[in-house]
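Shared between the two complexes below is chain A, which pairs with chain B and chain C, respectively.
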Partner chain A sequence: MTRGWLGALGALLGVAVLFAIPRLTGNEYLLALGISFATFSVLSGGLNLVYGYTGLLSFAQVGFFGIGGYTAALLVTERAWSLWAGAVAGGVLAALVGLVIGYSSLRLSRHSFAIVSLSFALLCMIVARDWVSLTRGAMGIPGLPVPGLDLPGWRWRLSRPADFYYLLLGFAVMAQALFYVVVSSRLGRAMRAIKLNEPLAQSHGIDPLRYKLLAIALSAWLAGIAGGFFVFYLTIVDPSIFDFYYTETMLIMVIIGGPGSFWGVLGSSAVLAALPDLLRFTTDLRMVLYGAVLIAAMLIFPGGVGGWLDRRRLRRWRRPSLTTP
Partner chain B sequence: MSSLLEVRGLTKRYLGLTAVDGVTFDVERGSVVGLIGPNGSGKSTIVDCVSGFQPAHGGQWMLDGRALTGWPAHRIAGAGLTRTFQTVRAYDELSLLDNLCVATQESDGVGWLASLARTRRLRSTETAAAARARGLLATVGLAEYAGAPAAMLSYGQRKLLAIAAAMMARPRLVVLDEPVAGVNPTMVRRIEDVIHQFNAEGVTLIIVEHNVDFIMSLCGRVIVLEAGRKIADGPPSLIRNDPRVLAAYLGQSRATEISHERG
Partner chain C sequence: MDPGIFLQLLLNGIVIGVIYALVAMGLSLIFGVLELVNFAHGEFYMLAAMLAYFLTMRLSLGYAATVAVVTILAVCLGYVFYEALLVHIHGGGFERSILLTLGLSMVLQNGAVFLFTTTPRMIETPLSYANIVAGSVRVSVTRVLALALGLVAFAALYLILYRTRIGRAMRGVAQNREAALMVGIDPRAVSRLAVAIGIGLSGLAGAALAPVYAVHPLMGFSFVFKAFAIIILGGLGNIAGAAIMAVALGIVESVVGGFLPLVMVDALVFSSMIGMLLLRPEGLFGRGVRV
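Then we have the complex of A and B:
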């Protein structure tokens, strides 16, 4: 119990420090990194829920992210919706699409889901590029307006990077809290059971499809909202939002942090959020470097940080049994 | 009073091969029934069909008068028919306690929202589940490892854990698929004791085994299969001398010799 309270206090302190950063420094580069961390933490947290906890390899996250981005951008510019409503609508659409591809492919197998999710992500980019009448094609929708967020008694115009930093950080904190509530509840326990041994879970009365669809829909919904906010920070949405490189970054975050480890993935997202920017000087080599990092992580650090902690836990249990006669 | 489980004309084909061919049998309430037969006689296929892990091509089966034909595995488990697996299965990364508690969370009637909100009802349900899990772990002799991950257990201990997990949701009928295959003799006796104890508490069991001695000492009734058909059904004393059973296990000529020796 005391450990739980200390953890909660630590988390609260961490959030407070993150929120204080714009007041302490006007450094825009640091804020950009913070925005990148907040956004990626939602994407990798969702991938961790789907892949790390439920055991479904998914390449679809980036598709949900982009669907949210496009939906919010179009609703705000074409229909004069507020950013709140646009982003939430983007999240809902992403979740619905997630349910459709999940329901149709998971009835076959988890491998078919992996293939379908990959095809879906590639299809998203093609649709964004070629359905010109809706998405305006390869040029995308540039010059997204400065959005205003109407809160009761306060009109907030998001004109500075610091505003987006607060928005995305606040959203990320809520998203992470939601992920944490799910994975630490007995729903998370059932998801892990499905990943660890699906037939056994079925023999225990668990319907794997319901939990898989829950994981997919929740991660898609949050990724869609994150996309909606993120494109207004960029002030543009174009087909490059579906870039495979986002998928790769998410995968690296989850694999190095440890699939199925909430804090491991959150920590690795914080460290690796700086990676895209550090590697900006070499766009061509970036993918190669990512691949090398992934292979090295698999060889040296299987199971990531979370896996390493698990192995330590197992050793602690095995030690006394060795000494008993 | 009708039987707990009624299986009528169960049939299952794999491509051209008929693995189970119109098998019919009943299981009485409170009994321990053995299911034996040579390799490939269809024992595991029957288990897989009845528990919903393989679709059957023909036949019906009912638990307590309720038709389960065509139901998916998780619903059959929810209806009170659970099973263990020939290849021993456990959730390696979960603690023994969670291995058991997860096996009852779908049947306790607490929904997703209550689970997320951690309502009082959820907490009391989970506390009760943990208490039952500790009791089951004590029965199978694993109580001291309640907090340890299942990955640290030996092969025999994992079989015990699987049996305890199958008992967790208070099923009416439990099917144990080869509970003592590959287990050392000390552990076999332990598993036998555990089965006796659960049966004494009112659980009905079907046991699929290759170990004929184990079945003969444990079961009040034995069903013998050969090539997908039922060839004998009765108490162990009759099964032991049934010429068709001897022929199935030993071959026709040796079986004839034995029945002559025994007169």
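Then we have the complex of A and C:
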């Protein structure tokens, strides 16, 4: 019990420190890294829920992210919606698309889900580039307006990077809290059971398809909302929002952090969000490096850091104790 | 529509469809025997096309020599690919194999972009300007040669699978791995050969198509997207189904692409894949669903 309270206290402290950063330093580069971390943590957390916990390898996250971005941008510019309504609508649309893809491809197998999700992500990019009358093609939708929040007695205009830092960090904290509640509850246990042994889970009265669809829809919904916020931070949405770079980065985050390990993936998201900028590679070489890391991880290190820590803890528990009688 | 133009589009569609079939059959063969989806398949096709470009333009090798060298190298690369990487994850789960081959595809694709940039390159030899004219139909010699190579490869694959002992062993492993083990088939030798043939077909496709279209490092990426749709539509692991769907897709793409924007074709391919999974998850020419 005390361990749990200490953990909660530590998490609260971490969040407080993250929220205090813009007050301590006006360094915009640091804020940009923080925004990148917050956004990627939602994407990789969702991928971890779908792949790490439920065992479905998905390449569709980037599609949900971009659908959210495009939906929010189009609703705000064409229909004069507020960002908040637009982002939520984008999340809902992403979740619905996720349900359609998941329901149709999971009828066959996990294999076909992986293939269909990849095709879906590629199709999103093609549609964004070539359906010019809706998405304005390769030029995208530039100059997105500055969003604002009007509450009685308080008006917040998100004009500085620090405002978006607060927004995306706040959203990421809520999303991570939601992920944490899901994975540590009965739902998360059912998902893990499905990943480990689907027929056995089924024989215990778990309907695998419902839990799989729930994981896909939840991660798609959050990724869609994150996409809506993120494009307003960039002030432009164009087909590069569907870039395979996002998919590869979040996959690496989940693989290195350890699929099925909440804190592992969160930690690796923080490290890897900062790393590319520290390494200062060209994008092509960075992708070569990521690919090599992926190959090496699959050959020698499939559990990631989280898996390694788990194994170490199990070994410690199982070690015969010599000191106590 | 003018029948001449239609015939022209139809012929172009058959050529591109046969090349799609080479890539998709290799993918399907590897899936059938090893039960893994090779995400790096398109990159081998790209490497073969790039190699064909350098052999023709820099070393000025002839057409036949280029195709032969590229195909043989691709078969060898398939052996190395299996022995160096795939053998270590065998039985280690389907997701691991996808992530491994995806990592390889990232390395190959971005490495090629880094070395050669994304500039498209054209192979220009006297051969690429030669045409065969029959009535109102005009076909370039390189397309006819690509078609012929594809058909020869079809026949060779058929003979290997249905007329040789090792081919029978391959089909045996694809149908029932445990039973194949029980009658003394070595799965490692069979898998190795299946991967080598699959990559070899991809290499042949790259070498045959290099003189027809421009060559660039990102060409494999969009190609494998179509190959995935083809093997789902034709039934996962069903090689003949993949071949038929590939030719059909090539024809549809060419004829529809003649008067509709290409994005419609890609959307059509994707939605027919989703529709197929909803209506007939085992594919048009289904063969047992594997779980």
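Just so we're on the same page, the second predicted complex is superposed on the first by the 302 of 325 C-alpha atoms of A that agree within 3 Å, B and C clash if a C-alpha of one lies under 4 Å from a C-alpha of the other, contacts with A are read in each partner's own complex, and residues count from 1 in each chain.
One rule holds for everything that comes next: contacts are C-beta pairs under 8 Å (C-beta built on N, C-alpha and C of every residue); 3 or more make two chains touch, one makes a residue touch a chain.
Bear in mind that the values here come from a model prediction, so they are computed numbers and not experimental data.
Enquirer: Determine, for the superposed arrangement built on chain A, whether chain B and chain C clash or fit.
Expert: Here chain B and chain C can both sit on chain A without a clash.
Enquirer: Does chain B (first) or chain C (second) touch A:285, or do both, or does neither?
Expert: In the superposition, A:285 contacts chain C only.
Enquirer: May I ask you to name which of chain B and chain C touches more residues of chain A?
Expert: C
Enquirer: Check whether A:302 is in contact with chain B, with chain C, with both or with neither, and answer first, second, both or neither.
Expert: second
Enquirer: Just to be sure I read the superposition right, which of the two partners does A:150 touch: chain B = first, chain C = second, or both, or neither?
Expert: In the superposition, A:150 touches no partner, neither chain B nor chain C.
Enquirer: Touch test for A:78: chain B only (first), chain C only (second), both, or neither?
Expert: neither
Enquirer: Quick check on the superposed pair: does A:294 touch chain B, chain C, both, or neither? Answer first, second, both or neither.
Expert: second
Enquirer: Please provide the least distance in Å between a C-alpha atom of chain B and a C-alpha atom of chain C in the combined superposition.
Expert: In this superposition, no C-alpha atom of chain B lies closer than 10 Å to one of chain C.
Enquirer: Please identify the positions on chain A that touch both chain B and chain C, taking each partner from its own complex.
Expert: Common to the two interfaces on chain A: nothing.
Enquirer: Which residues of chain C touch chain A in their complex?
Expert: 37, 39, 85, 88-89, 92, 94-96, 98-100, 102-111, 113-114, 222, 225, 228-229, 232, 236, 261-263, 266-267, 270, 273-274, 277-278, 281-282, 289-291
Enquirer: If you look only at chain A, which of its residues touch chain B in the complex?
Expert: Going by the criterion above, the answer is residues 181-182, 185-187, 189-190, 192-193, 196-197, 199-208, 214, 260, 310, 313-314, 317-318, 321.
Enquirer: Considering the complex alone, what residue numbers of chain A touch chain C?
Expert: Residues 51, 55, 57, 100-101, 104-105, 107-112, 114-116, 118-120, 122-123, 126-127, 129-131, 248, 251, 255, 282, 284-285, 287-288, 290-295, 297-299, 302 of chain A touch chain C in their complex.
Enquirer: What part of chain B is in contact with chain A in the complex they form?
Expert: By the definition above, chain B touches chain A via 51-53, 72-75, 77-78, 82-85, 89-94, 98, 101-107, 112, 115-116, 118, 122, 126, 145, 148-149, 151-152, 162, 165-166, 168-169.
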